[in-house]
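As structure tokens, the structure follows; a few thoughts come after it.
The letters A, B, C, D and E name the chains in turn, as written, and every chain counts its residues from 1.
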């Protein structure tokens, strides 16, 4: 009986300890939502833990930097900008919970964030329901036409069109695509197919890889058999990026690879030992290495690294997040209010910002950005070479082919080239 | 008594095992056994540990599927029937290790056993009736884990009675009981038999067997070794050698 | 009803939940309605695991089936007044799927940990499958399955002209919870309930008392499926959104954790612990604290190590113990000390 | 299950504990072996208090155990099973397998065979050999005859007596098989309802009636 | 696809299944603990190997040391946590889930979201115009070596004998003088060490991040489920069967079907043979021996 009692006491103590712990946490947590109206609140939803934290953390740092700079220069409309940034933990449920929390509980004035398309699609309807201004500052598969959403990252218009054109011109018409088997991969693959056809090439095969697959030997042998001139890789996530190491060993390194997601986002060329990422061509809107050539790019890298020495790389999503916030700040200043409709109107006036990657301006009809794009490739040592700069590339597929004009006709959907 | 047995013999056996066997891998737990239990009988299976007695019970109840042979109950082949259907046909069992629900009360245990067979209005009376018969009425709100071993055995018998069986299988009904308890159990079994329930039971205790059994089957290494009345068995030298011991 | 801490707490809890919206802002109401929707998932596992002894990793399967069914059904018929039909059919769909799976397992003699393994594999199959349905060929009626991104813009529940959002949704969920909770309590005290408990305690013996055990197991499993499905529908309606990640390993494990750590043989404990867990993990996430997941993980480890019967149940027992000490009515604890095993 | 039991066994004795099924014999043996906790009382072995000693430590002090139903490891070979016994009694060197095979020659023939494939009698022999190979001071047997043919039962009991003589082994066994009790034990304790209800002295062991009283009460 | 390619594909699948499952199989088979933090043990191995190699240690040595390191880590975890849960299969699910959360996030905090990897050593082999990674071929060989090693450990050592005995009957093993708690601890450490070895072996072929282990989790569970309780027979046979299934489906219809095939095979196997392939094998062996 003694033993039982002892156990009983121990369990009671543990329960009480756990309760105290949770109550104390609740205490500190409540303190954060304070003072209404005295500040302008900016919600930032980025993944600082879990699978996507590799990019999420960079973006979070960039957001912090942007807000700090705005505040240093006197804030907005005479108020300080306060950043509210929960950790979304790479979990789409969390995105939903936190988006609602930011809007309804913290009453933020605008929301930035999300990495994956799935996360964006999880929260976009919430933004629309609540008429919340939302910036998706990330490279993605394109096609979102939503009155309340602004997409400042790169889309296929920026990346795939010029990239495929260059690849076919330089290496030949036969293209093999491997892509992650979900929305981003499938839609991007369709874009590749479309562009290949427009440039007189031929897609010899496209293969979709389920997320979470990390072993690629069958894919590799299929690619080798097809003997393409260009290999387009649209792989996503930590697991799938294992492809490159495996391709380097048993693939054919003489086939040039082309991608829109690698290097500029998650700095694979720095993380993987050569030659995994050798002979890879990408189009990017920003990369840390642009600092060697462009002073504005260098300032950004320096500022970010000085403030966050733990940060590993300054990639294109960090730039998008930073420029997105700056564009929003400019629009708020122009509108002289944070009211959503007025800010949207200001943004739709074609506002632009001279940022780390050159001039970025809003395309009013599509709510995407006109920006510079850089063609970059790696040599056998994985050293970067900036081959070409495409100035002010327009995101005009939506407006030209799909007839979208958000300034005239508000819409809330995503167009895809899938038939 | 013998006369009655003979009479019943050709009328019909209530339970009949025809050439039944059960092999576990290569182990022949029960091998070509033929047993028939007549209606109204009080029949005992004895034999050393591991002779296959409990295995036979489990085959009768459908817990094990026989490797060979077939089992008839009321002249119907029940070999392929599921356990619960056999119970509904009128066979019931008290297992060797009491399968009572230890965290529940006696009444709740009885309720679980009886609720299938009685309407709500009758249920309580029926349960109390059985409890009375078993002498455990005063324990009805006791948690079963707090009961003595013997009381748990009786409860288990009570639970097997709840379905109003025609044939009751009792696997060591008096195991672990003191002399008084054993006597009570013997009396109980006789009473049940008089009420018209045919009983087939297993026990080790020859005195107990002698007290109540009318017919005894001795099993040895999965085979029927001897069969007959208690006196016949006791005077069978082979049985004494293998089971009752040198004396 | 005896005056046990559990019952007192359950009553207080429901009273508290009813008046909660009077004291907080709309966001908190909406947020709690989300937590309440997830409670059904825990209850479904508490029923089949805690009460019937069937360990399932697959409640996520039925959760997802319910959510997807509701989405596809309601989005195909553009009428928003049809949502209650989708709601009811969705619950039935979850129940039927669970019953079929249960039939396949229990009549085949699959039990114990193997049920967990089969259901785990099934949920992974569904995740893998649904994840790759982004293509336009994956369509049911007019609704694309949407692959990894899932289905968006699912209509919210609407009864007549009353759209269930905000407080309406909250009270709707709360009413259903009250009904379900009451039914479960009633069920476990009914004839059927005692046979379910009998199966948990001793499957073989119950069979030998004349119960068709696989049938009852399949039935309970089906009710559990329907409950999980209900949870999925409420979730889909709450967020207008569902994705294949509801089938993932994490989603499959969370109900198990909630029920195990709260106290699996007790519905009230499951309700309370689910609410606590969601609130706690959300608060940690909102704080943006990088130690959030570490704290959550450590909490679970400590809970199981030191309070193996479940945190909430341990609290109940403790309170019962406190109040009953004076009366000198100490119940003997389960199991005899002599038989306690070492190691 | 078991309460207030006091028994004493002298070195070199063969003592049995008798009683019907379910009177707590196995519980007693398990408590003695340290597999169940002793909640009250004291167990001493070779003048050493072992009440709180764990089962494996007790084995190493020199208590060999032949569990109910023989308890051989079915998926291990006969040799491996024997090897398992070598941990018993750290104080004395283990016996040589050959010495053990001398008592049960059948085992030698089958030494490469999985123990699960042996017959009941062979399993009993193996279980006993496994316990004595470690050269224990005390051998505890829990119903060694369960499921064994009569002729083998007597062979086994002869062997145990032989070993008792050869290596001065103390033997305590629990049994309900009348013949074996009479043939082997020098003294008996009778058990009922979890306690000792009587002691049968050396001269009475042969008395069938006295024994029967305790076995069939 | 040529036969050679198909075989290469099979070798890859086989070694991946075997190596990812082996640690889990030991722990589940011997201790009935469902270790949801198995993936994180693998991740630890990968991190250690990468860090040691970056620090200048030869790859082979660092893989070896990481395996030992993760084994030691497993021992600590066992003493602190798992040893309180022996025999409580379902509680182990919750606890190891908690451990996996703590480890993943802890790694993220300490080393950041990613670590620079080491490249795959040993170049490639060219046969008939196709190149095959020598390291991958080596992994196939290693997966066999691991199986043999396991065989030796369990069949030819004292520890193996004691642990097999403990697995069959803990109580009796204890009363034969075996300190069964220590056997369990060592078994858990051994399982952890093999997980660490797997992490080390795959570290040069994959991206190093805190979620490194997640892609191992599904294949490892499926392999163990199909294999059944016996870590040796079960894992090797189920690795073989599943390897054939997935490489053929993969070759015919692509990666997605390969993956789906694995899961469906697993469901069918549990339904027909709840004890897995090793259960079937044991049944057949016993029957053969007896009759």
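To be clear about the criterion, contacts are C-beta pairs under 8 Å (C-beta built on N, C-alpha and C of every residue); 3 or more make two chains touch, one makes a residue touch a chain.
Protein names from UniProt, one per chain: A = Urea ABC transporter substrate-binding protein; B = ATP-binding cassette domain-containing protein; C = Urea ABC transporter permease; E = Branched-chain amino acid ABC transporter permease.
Treat the numbers as computed from the prediction; the structure is a model and nothing was measured.
A.B. asks: Name, by label, each chain that touches both members of the pair chain A and chain C (Urea ABC transporter permease).
C.D. replies: Both chain A and chain C (Urea ABC transporter permease) are touched by E, going by the contact rule given at the top.
A.B. asks: If you average the Cα atoms per chain, which one ends up farthest from chain B?
C.D. replies: Checked the centroid distances; the maximum from chain B is A.
A.B. asks: Just grab the chain with the largest centre-to-centre distance to chain C (Urea ABC transporter permease), centres being mean Cα coordinates.
C.D. replies: D
A.B. asks: Whole-Å distance, chain A centre to chain D centre, using C-alpha means?
C.D. replies: Centre-to-centre distance between chain A and chain D: 73 Å.
A.B. asks: Provide the C-alpha centroid distance between chain C (Urea ABC transporter permease) and chain D, rounded to the nearest whole angstrom.
C.D. replies: Here chain C (Urea ABC transporter permease) and chain D have centroids separated by 52 Å.
A.B. asks: Once you find the CA centre of chain B and the CA centre of chain D, what distance in Å lies between them?
C.D. replies: Taking the mean C-alpha position of each chain, the two centres sit 32 Å apart.
A.B. asks: Mind pulling the residue numbers of chain B that touch at least two other chains?
C.D. replies: In chain B, 26 touch at least two other chains.
A.B. asks: Touching at least two other chains at once: which residues of chain A meet that condition?
C.D. replies: Within chain A, the residues that touch at least two other chains are 49, 181, 208, 210.
A.B. asks: Quick check on chain C (Urea ABC transporter permease): which residues sit in contact with 2+ other chains?
C.D. replies: Chain C (Urea ABC transporter permease), residues with two or more chain partners: 128, 132, 290, 292-293, 299, 303, 308, 336-337, 340.
A.B. asks: In the complex of these two chains, what residues of chain E are touching chain C (Urea ABC transporter permease)?
C.D. replies: Against chain C (Urea ABC transporter permease), the touching part of chain E is residues 36, 81, 84-86, 88-91, 93-95, 97-102, 104-106, 108-109, 170, 174, 180-181, 217-218, 221-222, 225, 256, 259-260, 263-264, 266-267, 270-271, 274.
A.B. asks: Within their complex, state which residues of chain E touch chain D.
C.D. replies: Listed in rising order, the residues are 161-162, 164-165, 168-169, 171-180, 282, 286, 289-290.
A.B. asks: Across the complex, what residues on chain C (Urea ABC transporter permease) touch chain B?
C.D. replies: Contacts found on chain C (Urea ABC transporter permease): 191, 194-195, 197-198, 201-202, 204-213, 331-332, 334-336.
A.B. asks: Would you tell me which residues of chain E are touching chain A in their complex?
C.D. replies: Per the stated touch rule, the residues are 1, 5, 8-9, 12-13, 16, 105, 108, 112-120, 123-124, 130-136, 204-209, 211-212, 214-215, 218, 247, 250-251, 254-256, 258-259.
A.B. asks: Taking the complex as given, what residues does chain C (Urea ABC transporter permease) use to touch chain A?
C.D. replies: The touching residues are 25-28, 30-31, 34, 128, 131-132, 134-136, 146-150, 152-153, 239-241, 243, 245, 250, 276, 280, 282-290, 292-293, 295, 299, 302-303, 306-309, 311, 314-315, 317-318, 321, 333, 337, 340.
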